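Paired with chain B in one complex and with chain C in the other, chain A is shared by the two complexes that follow.
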Partner chain A sequence: MKIFLCLLALPALLLPLACFFYIVVQAWPALNWQLIAGSETVGNLFGDVSSAGHGLWSQISGSLLMMALACLLAAPIALSIALFHALWATPSQKRMLITILQILQGIPPIVYGLCGLILLVHLLHWGISLAAGGVILGVVILPLLSSNAIHALERIPVEQTESAKALGLTSVAIIMRVWLPAAWPGMLTGLLLAMARALSETAPILFTATVFSGITWPDSIFSPVTSLQTHIFYLAQEGSNAHAVDMAWASATVLLVLVVFFSLSARFLRRYEESV
Partner chain B sequence: MNSDVKIKYAKREYENEADLATSQPYLSLENLSLSLSGESILNDISFALPHTGINSLIGPSGAGKSSLLRCLTLLYDDWQGSIAINGIETRAWFGGEDALRRHVGLIAQKPSVFPASIYQNIIFGLSRKERKQNQSVRVEQSLKQAALWDEVKERLHVPANTLSVGQQQRLCLARALALEPKVLLLDEPTASLDPRSKQLIETSLHDLAKTMPILCVTHDLEQAQRLQGQVIFMCDGKVIETAAADDFFQSPERIESREFLRWSVCDCD
Partner chain C sequence: MLILLWFLVDASWPFWHDFGISQLWASEWYPYESLYGLLPAIIGTAWAMLIAMFIAVPCGLAAAIVSSEILPITWQSWMRLGMEMLAGIPSVVYGLIGLWVLLPWLQNTFDLLTGHNLLAAGMILSLMILPTMMVMSQDALRLIPIEQREAAMNMGMNWSQRLLRVLLPQAWPGIRSGILLGLGRSLGETMAVMLVVGSLDRVPQPIYNILEPAQTLTSRIGREMGEAAFGSMHFSALMACGLVLAVAAICLSLLAQRKSKGFVL
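Coming up: the complex of A and B.
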């Protein structure tokens, strides 16, 4: 029975590893420092169309900028939702809140992208911009961040909160001196997972934030950016150009490394949280 | 009395606490009732505690003893009736429920120390102003009152969770005492402790009872006898009998009390 179950579980373990190695093997010819830092060779791959001479640096920075903006916007809202859930929500409100978060988590990202296109890009006249992409990515990661923050607060023993109340601590003091010190590793774990999610989302920013080339660093928050995710998407469409496909694999490897970095950091932090 | 007048009255009384006559009870409950989710938990509870002495609150599980303590500290606040401390309605307490909880120390059944050092745990509830004034003296005094000083004086800065369960419970007592409360409420403080820790806590309570009223919930009838003072017997959300400990254990008046002392069960319906 045990062997049978292990055999059933094996594909789930092997497939991601196989994918990872396949991507790295495919990307290997193009993986070098110039890929990141840029050079004439890399830059002139597509003549005028490519991000001439800048390597993937502008795409990486664009992705990280959008990820940071999304987290900056979503983290305080997620913390507020978690505190509302813990402090004031009635049991029925709690159930409703969790259901809403689950529904929001289940909405396909492309729908968020479409909403962002209509609302932020067209109605608010933000245009294709870093701001629009950051806001939409923030909305995408908000349910994940909120759920993690709620669970981090729920893991604090009720006795500690009651003891703090019995000592006459105000709600603010309880939050600052009991809850946040106890819940920060869990919340930071959630933030790292949300960062990984924000980095891996393509659909929401495709319509709202990114262009293929011509941008190295956005002039302002309302300027478009380039990103790794959409860069892979555009390069993959150049199927006839062998070097473009190599570059797509290389970009995918860089993106994968970033996502794995944030995911593993979250995992190590969770292990630390459990050991405390 | 409207609420504004009540609050002014409360403020005046609170400031002149020392001048109050000791003839009136320190803590009094009148017709206290509590319902949670439509279920009656406390039903028309009335009793009073004098300015000093130990009062044991006994009764079977589910009698409403712990709920009563939560009402006294406003952890439950949707009760009906009256709870007054030193003649002041708790709901009209000057400074609100947080100030009330500093006045009324509450010790839970399960010790809960904060993830910090022993020293930090003791000063956890102190205000910034209080921390600046004689902080170390307060720590030493409260640890001595809780009979823990001799065991931890050399290691005040080690994590509190390295202490035994019995020591942690005494640390919780010391943490509450550091706030210099005027009433002490304890919810089965020795339920899961070894005999030695039990004895140390009971000795501390006897000392503390000389200066403040103590209300101690206990399932342990022998402990209630040892603590002496007044016994309040509760069953099914009602106070059945209130008597001096010796009188209650030797010749209880009510048939429910006799049944409880004999069988540890109570049927008061």
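Coming up: the complex of A and C.
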């Protein structure tokens, strides 16, 4: 029985390592400093040899910009949802809020992408733009952010809140002096996880925010951007071109490093929070 | 959420209005001849989910049992780290792995014209939901009170009896919500599937033939959204795909909540 289970479990234990190693090994020839800093994206979509470009800086900056925009939009909303949940909601409202958040989290990101495409790109005439991508990603990460914020607030012991109330603090003072100092690590953890999520979502921004090449730095928030995620996708479709393959693996590595960076720092923050 | 649903319904209304609900069972999808049957994509989605669950549930469960019952505790946290990292890998990267590693392998093994098929999609999906499965079941196993284990030991049960009679039934609600979460994720996953599934709009012939190129709802939306003009019938048919996806996802998460509420101790 034990042996059988171990055999079944073996792939699950070995696959993470195998995936990481495979990606890094594949990307090794294309990885150098030029890759990250260089910003020339030569050529066009129609498959000439240089179409894969050389640098990834514009893609990286596009991804990060979109992520930052999404977090800027979603964080205040998530915070206010969490505060509403903690301060004013009745138990039945709380239950409903949690249910809605879970359902929203279950809806496939590409559906959000579709809605964004109709509303933002076509009805509001934003076009394929950084702003549309940021807003859509913000909506995608909103449930994650708010449920994390709610949990962070819930972990505060009831005694603290009650003694603060007994001291006659107003609710603003309770939020600023009692809750925020106690809950910020949890909230920041949630934010970091959400950032990792926003970086790794591809489908919703594929046809709402990004183009393949030709953009090094978006002129305004209503101009299209390039992003790492979609760059990988476009490169993967070119398939046969060896340079494109190398570049795709390299972009995958860069993206992976970014995502892992965010989720690792979230993990350390969580450990710090538990130790305090 | 209601706004979102309303948008989908509104945008796909021309489609439902012109073709009616029976399009769900129609098996032809040729946008240029105004044939929009959703059946191939729905069957493709269902197959991909089934294959993914078939691989991921046993593996994930076994991994959870091994890591929380057999391995020492230091290994546990390392495995958890690994799993969280695996969960964090962006789906498009999985797509790359599928496209350039899995497909050639499948092609050689089964001697096919192309490796693009449902089996590949299912395998990639199983890799993606493995972490979810494992983390959820591990949590469920860990939450079982130590008294239960001790009581089982006192009754002289051996290891496998304890596992099957005590631990697994107790952890079942958590495991089930892991399964449902995994189902939801595999339902909505786009990029990885899109790269490997082959995008052929046809009901597999015969229907259990998983080695043929096929299409899922998500991959169809992703593949054709760029081509469809805003406001056209094609566009609203794609919106209808999105609506089907959203409704399925909502049903799944409602199911997950209903069940987990009933079994909370």
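Keep this in mind: the second predicted complex is superposed on the first by the 249 of 276 C-alpha atoms of A that agree within 3 Å, B and C clash if a C-alpha of one lies under 4 Å from a C-alpha of the other, contacts with A are read in each partner's own complex, and residues count from 1 in each chain.
Keep in mind that, in the parts below, a residue touches a chain if its C-beta (ideal position, glycine included) is under 8 Å from a C-beta of that chain, and two chains touch if they have at least 3 such contacts.
Because the structure is a prediction, the values reported are computed rather than measured.
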First, second, both or neither for A:L15, with chain B first and chain C second: second
Contacts of A:K165 with chain B and chain C, given as first, second, both or neither: first
Contacts of A:A74 with chain B and chain C, given as first, second, both or neither: neither
Chain B versus chain C as contact partner of A:A182, first or second or both or neither: first
Chain A residues touched - chain C or chain B, whichever exceeds: C
First, second, both or neither for A:L199, with chain B first and chain C second: second
Contacts of A:G106 with chain B and chain C, given as first, second, both or neither: second
Complex contact set, residues of chain C against chain A: 1, 4, 7-8, 11, 58-60, 62-63, 65-67, 70, 79, 81-86, 88-93, 95-97, 99-101, 127, 130, 134, 159-160, 163, 181, 184, 187-191, 195, 218, 221-222, 225-226, 230, 238-239, 242, 245-246, 249-250, 252-254, 256-257
Chain C contact footprint on chain A (complex, rising order): 1-2, 5-6, 8-9, 11-13, 15-17, 19-20, 22-23, 99-100, 102-112, 114-115, 117-119, 122, 196, 199-203, 206-207, 229-230, 232-233, 236-237, 239, 245, 248-249, 252, 255-256, 259-260, 263, 267
Contact footprint of chain B on chain A as seen in their complex: 157, 159-160, 162-170, 177-178, 181-182, 276
Interfacial residue positions of chain B with respect to chain A in the complex: 73, 75, 98-102, 105-106, 108, 110, 112, 114-115, 124-125, 172, 175-176, 179
